[in-house]
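Report on one structure; see the data block that follows.
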Amino acid sequence: MTTPAAEVVLEAEGLTKHFPVRKRGRAALSREVRVVHAVDDVDLRLLRGQVTSLVGESGSGKSTVARLLAQLYPRTSGDIRLHGEPTPLATARGGRRFRAYCRRVQLIFQDPFASLNPVHNVEYHLTRALRIHGRAGQGKEQLRAALANLLDRVQLTPADRYLSKYPHELSGGQRQRVAIARALAADPEALLADEPVSMLDVSIRLGVLNLLRDLKERLNLAILYITHDIASARYFADTVLVMYAGRMVEGGDSETVTQRPAHPYTRLLVESAPDPDRLTSEAGSLGEAGGAGEAGTAGGVGGAGAPVPGGEPPSLISPPAGCRFHPRCPFVMDKCRTELPPRLQVGDTGEHWAACWLFEGVAA
Amino acid sequence: MTAAATGLTTATPPPDLTGTGGAPRRGRGLRRFLVNGKVTTGLVILLIFAVVAVLGDTIAPYDPSKRSSDILQGPGWKHWFGTTHIGQDIFSQVIVGTRSVMFVGLAAGAVATVVGVVIGVTSGYLSGAAAESLSAISNVFIVIPALPLIIIITNVVPNSGDWTIALVIGCTSWAWGARLLRAQTLSLRRRDFVEAARATGESTWRLIGFEILPNLTAIIASSFIGTVMFAVATEIALAFVGVSGISEWNWGEILFWAQGQQALPQGAWWWFVPAGLCIALFGTALSLVNFGIDEFVNPRLRSNARRSFRAADGRRVRMRVGFTPVVQAPPRGEDNER
Amino acid sequence: MSMSKPLTMKPSRSIAADAVLDIRGLCVDYGVDDNAVRAVRDVSLTLRRGEVLGLAGESGSGKSTLAYGLARLLPPPGVISAGEVIYSPPDGEPVDVLTLAPLALRAFRWAETSIVFQGAMNSLNPVHKVSTQLIDVIAAHSPGMSRRAMLDRARELLTMVGIAPDRLHAYPHQLSGGMRQRVMIGMALALEPKIVIMDEPTTALDVVMQRQILRQIVELRERFGFSVLFITHDLSLLVEFSDRIAIMYGGRIVEEAPAALLYRDALHPYSHGLLHSFPALRGPRRELAGIPGSPPDLQAMPSGCSFHPRCPRRFDPCAVDIPVLGSPADRVREARTVACWLHPAGGAID
Amino acid sequence: MRFFLRRFAFYVFTAWAAITINFFIPRLIPGDPVSALVAGMRGQITSDQIQSLTVLFGLDKHESVWMQYVDYLEQLSHGDLGISFGNFPLPVTSVLASALPWTLLLIGVTTIISFAIGTLLGIVVGWRRGSWLDGLLPVTTFLSSIPYFWLGLIAVSVVTYAGYFLPISGGYDPGLVPSWNLEFIGNAIEHGLLPAITIVVASVGGWLLSMRNMMVTVTAEDYVTVAHAKGLSERRVVMGYAARNALLPSVSGFGMALGLVVGGTFLVEYVFSYPGIGLQMLQAIARHDYPLIQGIFLVVTLAVLAANFLADIAYLALDPRTRKEG
């Protein structure tokens, strides 16, 4: 499905972000430095005209990745390369370099109710975005045309009906379209969409996703789609990356990852996702490495009885050594507790990998 | 530390309450703010005081300091509010005194608001040691009892005219507003729309000036009003205890003379009642406007929706938390298709 | 899963033999004057003994208002303006919850019907320990009990929902989101009620935790045999989890059917659209469209069927007349109702 | 505990700030009224006392400001606040010692009473929102806008008019000597009644309004709805769930509002000639008794800080989230 020739727009290597934990009281006196390991050693590539999806539960660090890629936070270490050009570790906020960067990489926020300033109308939001990136043109006429063009792209027509509206006068879907239009005002090459539909009404989510897909095709955008809903990642993305507790655990072609998940965490995720078809087809075929974890999916809340690991994601202040999933993993081995699994190839396509010791030596 | 509630709670409307509640909104919101009964009442009273303050000596029937032979007279046609021990007209004193009160209140409010906005927003938006120390300084100013400090300073500073007093009050009473603004700025700074504007490439000063400040309008207004109230009360207290230089008439001055000349034992109630009522009325008007702002910011406080009604059978039904009233015959007539 | 319930027709107006809660013609308004908004419009719904009834709808569809309304917990300015909510205890006379006096209502609450609210974060009082909040409810309903017995019961409840009993004296902020929601579920079962209303109990949690909690609810229901009214916007979850599903739109129930039947053959175009708004995790990748337009504004409801402006299959009567919920004439043999002019009711419903 | 330490550090810092302000204010006085006064008293004043005033007011211009500051702190640490010009030759500390108990009692008792009454009324008014009790709100707004001292004036005149049934001036009958016997205590309470009522009436409205607003806000919280859903008794819902949580901001606001209350109380003392700190302060100002003014400011600030600290401890006890470890 993926064409290897596709151009890499944005690339991250070893991306790491540690947030310092604010120390108070007596802890401030100790020299021990405590940090939240929000993102550790993340590699990803966004290709022109393709959607890459980053899937993970809340707190897995996926939103932090988006903000790091948008350079809203300085990263702790790692490289971010735009068309192969490295970007400085800390881009001055609001500086010229930052503007040049964000002209090409734009971020869409999760909550359209919060990402538009309630005191400004649609026209202000879009005009500012155009002005900053020098695309407002000369004079009123050109600006009008640019605004109309933007709103037309996100299917808010006629433009005049929306320009003077304040965010509270718009529905959730309309707001998210305005937010997308604002991102498009920069004419970016890469769009980072942080859970763009999770706050929207169910019936209009697909409309927004389809709009993004349509834009991707027309404008040849590279899109990073961040979500906790693995089914929508399958629907929308070409490539799926799975994150757990700040680390990437699996990646590959979206169909492969969702249909034949390799990492035990991905399997857990897939198994936990609501799936009406489980009622009708009782086939519990969950990947080739299916062991004890997949026994008996019948009855109950689809798959009750399966010893699905309990527990909760670990504290990111002192994450578990080795594989971060090992305290919850049904297949845990001694090695998992001490050594960090590298990316290991799964299957023979070469595209599918998992950071799990179960696949050591399997593909080689 | 989650402690130290700011007093200004950010409220979210209850779930699924479509059509009621909601965040403060511009346009429609401003209109709703102005038609709020409390706000209108408060603004009308303030307007009357403002007119009196501007016209002052031109509408006062007498020169407030002029002696006359009508000594210690009760209210009557000639002297509406009566006279003092040396025959001065109290009504004229109240009228003329309005200007000084308004001037000190507004000037001190303006000074305190400017200082409060600068310190509050800066310490809220920036992070690090500078912001922390600014915040610590404002906390110190909140805790230190203001009136004694102001009395000392005005006593020490020579030539305390209205300007000096306004400046001293303004410079010592900005902390409360700064604290509220800091708390609100801290929460706004993390809002998505500020991040989004930053991701669009807005510069820092534009973020503060155009994205954050407009959202602080209500709090700035409310802290301005709060400081005006405090400044007026303080100025009057200063005049009452005789600290401020007796340069001009103000309401506190009237009370000072009333107290000093034994108005009470002589039963000359008219000497101090009008000025006191004016102070209370002025304060009430300011509070009313502030209530309006509170309700504007915190939708839960809004009382515009009726909370009790007469049911079809004539019973009076009060909406009670936890026991939703049941009215079998809809109180507003059958119209399902609204 | 108890999909083997007899698919016999139930007359919907008289109390079904196995009905535990019968909502009839319920209307809920916000406000009482000219600005009043009707959020729930003439809703009739039956919850049967031991079943999970799913109630699906988008924000503003009135699903939460319905839940709060039937328990009379709507905050002002909510008013129940019409209808009955008949509760039939296993032994004893049916009562109309809406006519209960405050004292009787208080005794009824939690002992017969408990509620798990959307945000466990806010449902627990941050200043009281878990133990206090559990004991409160036990003490209110069985005043004679000793404190020791109540503590034992509280411990038992925590164990039941998979929380170590030593967390009894924890404060809510010391628990994770999933644990708090479990505490709420444990608390909901403290008095072994016949009905548990769950208002989006898992929405704030991630999918793994959601699945764990749902599984727990299913197990507990099998143990105690209570009925669940499960409210969510996630229809795909309901299909898997509930026995029957009712779909709300614009304050009305537009379709009600056994879960599998609804999934296979949704009659109302809205139900159909909603089902096709969830990309499938399995099977062929299909192009999905969602539903065009936005949910209706309660203050400016469309005439006729409130869904007609968004409906791909609307025709003449839709904009004019409100379709009545009834057994569709073209599916007489199935235990389902729908309110759509495409499937008009087969004669009067008896 | 961390919360506690943090607050404690803050109070130490604030106390230091107050002491430093106290150090600088007299040094900013243009001209040299103090040295003139000291010079005027030279005949009756001991050299020790001169020395202490020199340090207090920085009269020794040869020393660096830093050295003056060190000397000043050292002198403070001995509890030496100089001598009072107005009450010569009494040291400031003994003037304070005789006035402080009166004020502490008056403010302490009235503040607690008005906080309790205001909060209770606020709970009721906020809970029964929409009932006739809402009619109280305009009245309380008006009451809380009245300056304390003016209410005192009215109280005095009403009492004078209505016949003399409560003493309107002083802390006790001039004929009595302060001592711990029933007669004196009774007399003191009688004298304190009118100022106390004045303060309570003037300040109760503020507490009522803030508590009412918090109640209204908290009543809409989910956990209150849950408490209702649990079938708890009305009393338990109000006291255990709504009021319990609504109280938190009130308590944290309590300490901060004290600064304002103190100012108001001073003027009430003035109106009633009540022999407390406030009266002393205003008299000291009239007599240009700088050492006493300074001492009073310092003591009042420290007292307010102490009260704040108590309020913090109460807050700590009420809100488990502040006790969060880690």
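The letters A, B, C and D name the chains in turn, as written, and every chain counts its residues from 1.
Note that in this section a residue touches a chain if its C-beta (ideal position, glycine included) is under 8 Å from a C-beta of that chain, and two chains touch if they have at least 3 such contacts.
What you are looking at is a predicted structure, and each value in this text was computed from that prediction instead of being measured.
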Q) Which one chain sits nearest the middle, judging by mean Cα positions? A) B
Q | Comparison of B-D and A-B by number of C-beta pairs in contact, larger one | A | B-D
Q: Compute the distance, rounded to whole Å, between the mean C-alpha positions of chain B and chain D.
A: 22
**Q.** Whole-Å gap between the CA centroids of chain B and chain C
**A.** 47
Q: State, to the nearest whole Å, the distance from the C-alpha centre of chain C to the C-alpha centre of chain D.
A: 55
Q) Listing for chain A: what residues touch at least two other chains? A) 24
Q) Residue numbers in chain C touching 2 or more other chains? A) 59, 68, 73, 75-76, 105, 118
Q) For chain B, which residues are shared contacts with two or more other chains? A) 1, 14, 307, 319, 321-323
Q. Given the complex with chain D, which residues does chain B contribute to the contact?
A. 1-5, 7, 9, 11, 14, 136, 139-140, 142-149, 151-153, 155-156, 158, 176, 229-230, 233-234, 236-237, 240-243, 255, 258-259, 264-265, 267, 269, 272-273, 276, 279-284, 286-288, 291, 294, 298, 300-301, 303, 307-308, 318-319, 321-323
Q: Going by the contact rule at the top, pick out the chain B residues touching chain A in the complex.
A: 1, 22-27, 191-204, 207, 210-211, 214-215
Q.
Touching residues of chain B toward chain C in the complex: what are they?
A. 14-20, 305-307, 309, 319-332, 336-338
Q | Interfacial residue positions of chain C with respect to chain A in the complex | A | 1, 3, 58-59, 162, 176, 178, 206-212, 214-215, 217-219, 233-237, 239-241, 259-260, 263, 273-275, 277-283, 285, 288-295
Q) What part of chain D is in contact with chain C in the complex they form? A) 129-130, 219-223, 225-233, 236, 240-241, 244-245, 248, 318-321, 324
